[in-house]
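There are two complexes below, and they share chain A, which is joined by chain B in the first and by chain C in the second.
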Partner chain A sequence: MRPILMKGHERPLTFLKYNRDGDLLFSCAKDHNPTVWFADNGERLGTYRGHNGAVWCCDVSRDSARLITGSADQTAKLWNVQSGQQLFTFNFDSPARAVDFSVGDKLAVITTDPFMDVTSAIHVKRIAGDPEDQIGESALILKGPQGRINRAVWGPLNRTIISAGEDAVIRIWDSETGKLLKENDPEVGHKKTITSLAKSVDGSHFLTGSLDKSAKLWDTRTLTLIKTYVTERPVNAVAMSPLCDHVVLGGGQDASTVTTTDHRSGKFEAKFYDKILQEEIGGVKGHFGPINALAFNPDGKSFSSGGEDGYVRLHHFDSDYFHIKI
Partner chain B sequence: MADIMTYNDIEATAARIGIDLSQLDLDSIRLPAGEDFGIISDDEDIYNVDNSELDAGFSNIIVVDNLPVVPLEKFEKLENVIRKIYSQIGVIKDDGFWMPLDPETNKTLGYCFLEFNTPQEAELAKERTHGYKLDRSHIFVVNMFNDFDRFMCVPDQWAPPESKPYTPGENLQQWLTDEKARDQLVIRYGADTEVLWNDARHLKPEPFYKRTFWTESFVQWSPLGTYLATVHRQGAAVWGGASTFNRLMRYAHSQVRLIDFSPGEKYLVTYSSHEPSNPRDANRVVINIFDVRTGKVMRDFKGSPDDFATGGAGGVAGVSWPVFKWAGGKDDKYFARMGKNVISVYETETFSLVDKKSMKVENVMDFSWSPTDPILALFVPELGGGNQPARVSLVQIPAKEELRQKNLFSVSDCKMYWQSNGEYLAVKVDRYTKTKKSTYTGFELFRIKERDIPIEVLELENKNDKIIAFAWEPKGHRFAVIHCDNTNANNNPRPDISFYSMRSAHNTGRVSKLTTLKGKQANALYWSPTGHFIILAGLKGFNGQLEFYNVDELETMATAEHFMATDIEWDPTGRYVATAVTSVHEMENGFNIWTFNGKLLYRILKDHFFQFLWRPRPPSFLTPEKEEEIAKNLKKYSKKYEAEDQDVSIFLSEQDREKRRMLKEEWEKWVAQWKQKHEEEKEVRKNLRDGEASDEEEEYEAKAIEVEEVINQVEEVVAFEE
Partner chain C sequence: MALVRPGSGNQPPKLRWGELEEDDGEDLDFLLPPRQVIGPDEDGIKRVIEYKFNEDGNKVKITTITRVRRLAQARLSKRAVERRSWPKFGDAVHEDVGARLTMVSTEEIFLERPRAPGSKAEEPKAGGDPLSQLTKGGAALKLCRTCGKKGDHWTSHCPYKDLAPPTEGFIDKPPTTEAVPGTPSTGKYVPPVQRGGGDRVGSDMRRRNDENSVRVTNLSEDTREPDLLELFRPFGAVSRVYVALDKNTSVSRGFGFVNFVNREDAQRAINKLNGDIRTDGVGFPLDRSLQNLPDLLCMARQAICCTRSLPWSVAHRPYTEVSPCKRRV
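Presenting the complex of A and B:
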C-alpha cells in the first residue's frame, strides 16, 4: 500500500514509538516538539511543547497516560499524553538521551551524554503515581562507559538495565545495586558505535544496530549472540516485527558523506531480513536521507520510519507481506 | 693500533691485575650490539691487515686484452683512444695506465692495465667494455686484475664438472590442472591480499591463500599467470607454487614504484624515482631489468625523468609507464623505448641496442608493437606547419625496414589499436576541419597479414561524431566503436555504438558495418577474451550500467547494473566477468561475478577494496583445428560438465535445506526457553504491574474485521432506448 507521509517535523527525526494499543504513534525530532499521530491514518493529534532542544527519545506508559521524553536541553520531561500538559521536568548537567519506562511504569531509566567535564551516566528515577508527589532525585546513577550511551532499556522484571552506545559494548547492569553484571564478548560484538537497540515484545531478546553495518540479535538474560544481520550501510535504527519472524534495519550513508550525484548511492532503505535465516527479504525505499528511527505497530501490520529528511513514513503492509516464503 | 691487544697482551694484563684467566668464562661476556670497543674479533686479523689492504689495492685494476699491437710511434695515439673510452666510465688514476712493450720488437703486447679510483668503477668498466668492438679484429677482452690468480689456477686437464643432483621444482602451473577447471583471482582489500578460486557452481569464491601485508603497494600477475608479483620498499618479489604461494625470487630495487613483466614473463622491469636530497636536483629515475628466474639484473638504466619522458619534441612531463614496451610473442626478444627524436630498440640476447644504435625518427610522438610480431607502428605528427605531412609507419625489427607508410594531413592526434593477433592495426586519426576550429575522426585500417599491407579508410556516417571508445574483438576480425555527436557531446548522454567487421560476406577485403545501437548508456567496451560477446559498460557518469551483448547474433543478452562499478574484468576463459567497485568510492566496495551472458552469480562486499585481478592463463596448446573440432562437438564435450553441474546444484539445495532446518530448530529451542522463563516470571511481573493481570496482550491476536460503510447513494434514471 502507498505509505502515508507525515510531515510535521522541521528537522530530522530521532525516534518513533507506538503505544501499547497501537493506535498512537509518538515521534521525536531535532525540532523541539515531540508529536503524537493517529497510527492508522497518520493524522496529527498534537505536539508536546516545552523542550528547548532536540528531543532524542521517548517512551509511553502502558496505559498511554504518561509520556517521557529526553532532550538535548538537559532535561527529561513527563507529559500528560492526552492534554499535552507538562507534568514534571528532570534536570541534568548534560543532554538527556535515552528514556525507558520499566515494567509497571514505576521506574524510568534516563541516560545523559558526556558534556564538558561531565561523563555519561545512566539515571534511574522513581515515577510517582501522582505527578504531585514526583521528585527529581535519582534512585541510582550508573557511570563507567566511555562516550555516549545511545540506548538504555530495562531487562526482565526490572532487575537489570541494558545499555549500549559509542564504545560498541553492550552492558548489563544490576538495577538495584548498580553493579556491572555482564559485557558482551568483544570477539563477536559490534565494531563501531551502537546506534539503536530494540527489545522483543516479551523482552527475551533484543536487537542492536551499529555503524559497523550490521545488526545483532542477543539473548537478554545471558547476553549470548544469536544472530547477525549484515547490510551495506551504517545502521541507525532497528525494529523487530511482533508478528512475523522479520527484523527491519534502517540507516544509510551518513548525511555528511552522501554523494550528491545519485540518490541511490545513499541506500536510504528500510531493509527487511528473515530473523532466523538472516537473509535479506526485501526493502522499502522512499526516504531521501538516512533513516534514523523505526517502529513496528504492536499488531505487526504496519510500521513507520523516520528519516533525516524530516518525514515520517507510515507503511501498512499489503496482504502478500504476510505470506512471504523464502 | 695501540689499543688492540693480542692474546699474549691479554694474558700479560690479566696477570698484572690479578685475574685468573682460566676461571674467567670469556663467552659469558656480551658486548652491546654494534660495539666492539675497538677489539678486532679474530686475533689473526691483526696479522692479516697488511695483506687485506693489498687485496683491495688490486681490485680497482682491470686488464684490457686484445688491443691492437702497435709500434712505439703509435703508442700515444692508442693510449688516447683507450683513455677516451674508459674515462667515460670512471676516473683513471694518475699513473693508472700502463701498457707494457715487448723489449725485442719495441711494439706493444696487445694488452694494458688500467687503475681506477674505486673498485666499483673498475667493475663497471669491465661490465661495460667486455666485448667492446674497437674494430673488426679487435674485440676487447676485459678482466679484473684480481681474477688472474684464479685463471692461473685453472688446471690444464679438463675435468667434467660435477653434476648437481636435480631437485625438481614445484609445478608452478598446478592451478591450471584444477579438476573443476576453475579460475583463480586475487583481491586486495584493507591490509589483506587474498587469492580465491572462482567457484561459480557454488556461487561463492573458495579461499586459496590469504596473507596480511603481503605487498606494500599492489600486486600483479605475470602475463602467463605463473607468478604473482608483490611490491615492497626493498624491491619486488614473485610468488608461486603448486599448493600455496611461496616466494620464488626477490628483486632488490629500493623504493620500487612500478613493475612490468615481459609478455613471455622472462623479464621483469622495475622502476623507481628518487626524490633528490637537494631540491635543486632533478629526480633520479632508476629502471632495472631482471631475469625473472635467476633474479639477475640484465640491464639497468639511470637518469633524470626527462630522459624517460616520452612524446615528441616538446616533451610531455612525467614518465608514462611502461617506459619500455615489449615486442609481442613469447620469446621476449625485443623491447623498445621512445626518446626525443629516437626510438631505441634493444634485444634481450645482449641487452644492447639493435645494431648498436637507436632509430632516428624526427619528432616521433607515439609507437606501439604488434602484439605478435616484431613490428613497430609509429606516429610522427605534422612538421613545419603542415609542410611535411604526419605519418604512420610500420617498421620491421631487427631489419628496421619500413614495411608500410601512410601520410596523413591536418592531423591533430593519432591513436593506434592493434588487434590481439596482430592481424589488423586501426589508427584513429583526429583531423582538423578546414576552419581548424574543430576536429573530426576517421580510421585507417591496416591489414598486416595481407600482401603489401592494404590500408582502408573508414569514416563514420556522421562526420561530427566523437569517438569515446574503440575495441577490437580479441582474436577476431570485428571491432566496436562508441561514438556520439560532437556538437552536443556534453548534453547528449546517450552515445551510439557501432560494430564493424573487417570481412564481409561478399567481399572479404572490405570493412563493413554490422549494426549501430542507438542511444546506449555506455562509455567503455569490454570484449570477452574469446570474442563473440561484449559488455557495453557505462562507468563513472553512468553509475555502472552493464549491457551484455552477443555480437554474433547482434542481440542483447541481458542488461544489468552494478551501481558505481569502476572496473570490469573478464576471466581469461571468457566464461565469467567480474565488476568491481574499488576504493575510489567510499561506499559499495566489493565485486560481483556474472556469467558471460549477464546472470549475476554472487556478490562480495569488502570495505577498502583496492584490486581485483584474474589470474591469466597461458595460451592454449591446442591446434586451431582441434579447437574447431571441440567447438563443433561442444554438445558431446559439455555433457560431462552438465551432469556435474546438476550434481552440485542438487547437493547445494540439499545443503541449503539442511542448514535452514538447523537454523529453525535452533531458533525454536531459543523460543521455547524464553517462553518457559517468561512463564516463570509471570507472577512477579503481575506484581510489578500492581496486580494487573494478563500477559496475553503481549501475544497479539490478529482479528479480521470487515466494516462496510455506505459512502453515498445516488439514484439515477437511465434513459431506456428501444
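Presenting the complex of A and C:
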C-alpha cells in the first residue's frame, strides 16, 4: 500500500481519532493545534487554534459537529468542527489529559494530571446541546488513582467509566455514584504505566497497551484478562480493527537500544497481531520515530499512525490484507 | 481572419493555400485527427493522444500517459459528502492545492510478515557491527534457546526442546546466517587471513606470545585447563591455557585459548588438530561427514559451540577451525 504522509504538525503526535462516518481524521500533537484531515486522501481541512499547550487527546461527537480536546494548558475546549471556532473552555487546576464523549454526546469525561498538590482526577461534565447554555461545572469528580490517568473512556451504556494510567491498574467506576466498582487483578495486569486504551466496536472488550512491552485484552464487564500480546518495544498506542480480528500496537524505542540500533530510517513499525491467536502477523514500517498514536477507520479499510516524528501516515489496505491467514 | 464563413452550412470550407495565414494555425484543427482517450485500463493507465500543429506548422502527435490510481474506495455518506465541501479554516485557510503537507509516499509499504532474518533478501552483514544483527528490525529475531538456532523457530517450538537446557550464560548469536560448512569436532579457528595459506605480514608475530594463542572451540562441559594442556603439549611449549567457564555453574562454555611460546608450534598444532575429532567419553564422536551442523548442535548438547561475534574478529569465520588469535586473552 502507499501510505499518505501528512506533515501538518511540527511536534510529536499524541492522539488520532476518526469521526463516526470515517471521513475525517482528527490529529492532536504537542504543537497546540489539533488538525482535521480528510480521511480518504489526507487533505487538510483545518486547524483549531486556541490552545496554549500540548494537546493530549480529543474526541468527536457522533454527528461530527463537536470536538472536545484536552490540553496541557489546563483547559479542555469544545470546538465547532466545521468552523474551527471555540465554543467553550473548561478550566482545571492541572493539565487535562484524556477526554471522551459518552454515547449520545451528552456527557464527557475529562481526566486531569497530578500537578503540585492536586491529585489526578476524573471529571464528568454535562455537554449542553446549545453551546450558549454550557456550564463549566463538573457533574462528578472521581479521585483515587495515584499518578497520571492516561486514558478514560465510557463503558457500555454510559453506566461505567474505565480508567487506566501510570499506576498500571485498570479501574471501573460507576458513572452515577462515582464509586469504584472494580480493579483489575494485579497478578495478571500490566507491570508498568498503561499508555493507551482502545475499546472494541461493540464495547464488550478493550485493549490496553503499556510500557511493559505488552498489550492486554480485557472483558469490559468482568475485567478478566482475555489475551496478551507481547512485543519488543514499549507500547505507546493500540488500536483494534473493526473489521478483522486484528490488533495493532505502536511503540517506542527501548532506551537500552538507543545507541546500538542501526540507522536505517523509517524503521519504526506498527505491529499487527492476530487478536485471537496472539501471534504477530506483520509490521508496517515507515515512521522515523516511535509511534504515539494509532487509529482505525470505522470501516476497517484504512488506518493511520502518528509518530514522534510529527508525521501522520494514512494507510489504505491492499486487498490482500483482508485475506491474511496465519 | 476566420476561414470558416458563417452560414456556410454543412460543408467544410475548402482550403486554398493562398488564403492561409501564418498564424491561423488554430483554425486548422479540423485537419487533425480527433483527440483520442484510451481510458484507464486495469492498471489504471490512461492514454490521451492529441494532435496539434507546432511552431513550424508540422503536425505533431502528443501522447500523454497518466496513471490513475485509486488509493481507496470512498463511499461517503451524504453528510460526509457535504463535509467535503466545507471551507478551510484555521491554518489551512491560506493553503493552495500545491501545498506539500500531504503527499503520497514514494515507496510501496507492505505489511511485512515476520520472517527469520536469514531468509530475508537483505544481505547478511558479515561481521561488521555484530550488535546490529541483534536489532535487525521488522522480522522477529527468533533465537531458539534450546538449540541456538537462529531465526527458525521459537524456543517453544524447538524440535529439541525435551533436552535439558544448555549451559547457562549467554549464547552468542552466529554472525552470519549463511549455511555453515561443517567441520565439526573440537573446533579450532582459522582466521580468513590464514586460510588461503595467505601472505601474512608480521614477522613480529613470531615473537609475541599473544599472537601465538590458539582458540579452541566446541569443547565439552567438563573440559578444563589440564585437558587442553595435555592435548597441546606435544606440539611445543605452552605458556598459558585458559578455558572459559560460566561464572555461576562452573561448566565450560565450550571454548578456550592456548598460548604457545613459539609460533611454529602453534601453527603445527593448528595443522594437526584442526578438524580433528576428539571425544572424552562423555559426548559422542561427531561425524565429520555430517553436513547439517545446526542439527548437530542440538544433538551434541555438550558440544555447543559458542561462536561469539568478537568485535575484532573477521568475517566469514567457519564453524570450527584452529587459529592463532591476534589478541591477548
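One rule holds in what follows: the second predicted complex is superposed on the first by the 315 of 326 C-alpha atoms of A that agree within 3 Å, B and C clash if a C-alpha of one lies under 4 Å from a C-alpha of the other, contacts with A are read in each partner's own complex, and residues count from 1 in each chain.
Quick note on the criterion: a residue touches a chain if its C-beta (ideal position, glycine included) is under 8 Å from a C-beta of that chain, and two chains touch if they have at least 3 such contacts.
In this text the structure is predicted, and so the values were computed from the model without any measurement.
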*Quick one: on chain A, after the overlay, do chain B and chain C clash, or do they fit? Just give me the call.*
clash
*So, does A:139 touch the first partner chain B, the second partner chain C, both, or neither?*
neither
*Determine, under the contact definition given at the top, whether A:118 touches first (chain B), second (chain C), both, or neither.*
neither
*Thinking of the overlay built on chain A, is A:158 touched by chain B (first), by chain C (second), by both, or by neither?*
first
*Regarding the shared-chain residue A:244, is it in contact with chain B (first), chain C (second), both, or neither?*
neither
*Between chain B (first) and chain C (second), which, if any, makes contact with A:44: first, second, both or neither?*
second
_If we overlay the two complexes on their shared chain A, which of chain B and chain C does A:301 touch? Say first, second, both or neither._
both
*asked:* Touch test for A:2: chain B only (first), chain C only (second), both, or neither?
replied: second
_Larger contact residue set on chain A - chain B or chain C_ = C
*Between 57-65, 147-155, 471-479 or 669-677, work out which stretch of chain B sticks into chain C after superposition.*
471-479
_Doubly contacted chain A residues - partners chain C and chain B_ = 232, 257, 261-262, 264, 267, 301
*How about chain C: which of its residues touch chain A in the complex?*
69, 71-74, 76-77, 79-80, 83-84, 86, 88-93, 95, 99-105, 108-114, 129, 131-132, 134-135, 137-138, 140
_Considering only the defined contacts, which chain A positions touch chain B in the complex?_
20, 62, 102-104, 106, 156-158, 201-202, 204-205, 219, 221, 226, 232-233, 242-243, 245, 253, 257, 261-262, 264-265, 267, 275-278, 298-301
_So in the complex, the part of chain A that touches chain C is made up of which residues?_
1-8, 21-24, 33, 35, 37-38, 40-49, 63-64, 82-84, 232, 257, 260-262, 264, 267, 269, 272, 280-286, 301-302, 313, 315-316, 321, 324
*asked:* Quick check: in the complex, which residue numbers of chain B touch chain A?
replied: 543, 563-564, 586-588, 605, 660, 663-664, 667, 670, 674, 677-678, 681, 684-685, 688-690, 697-700, 702
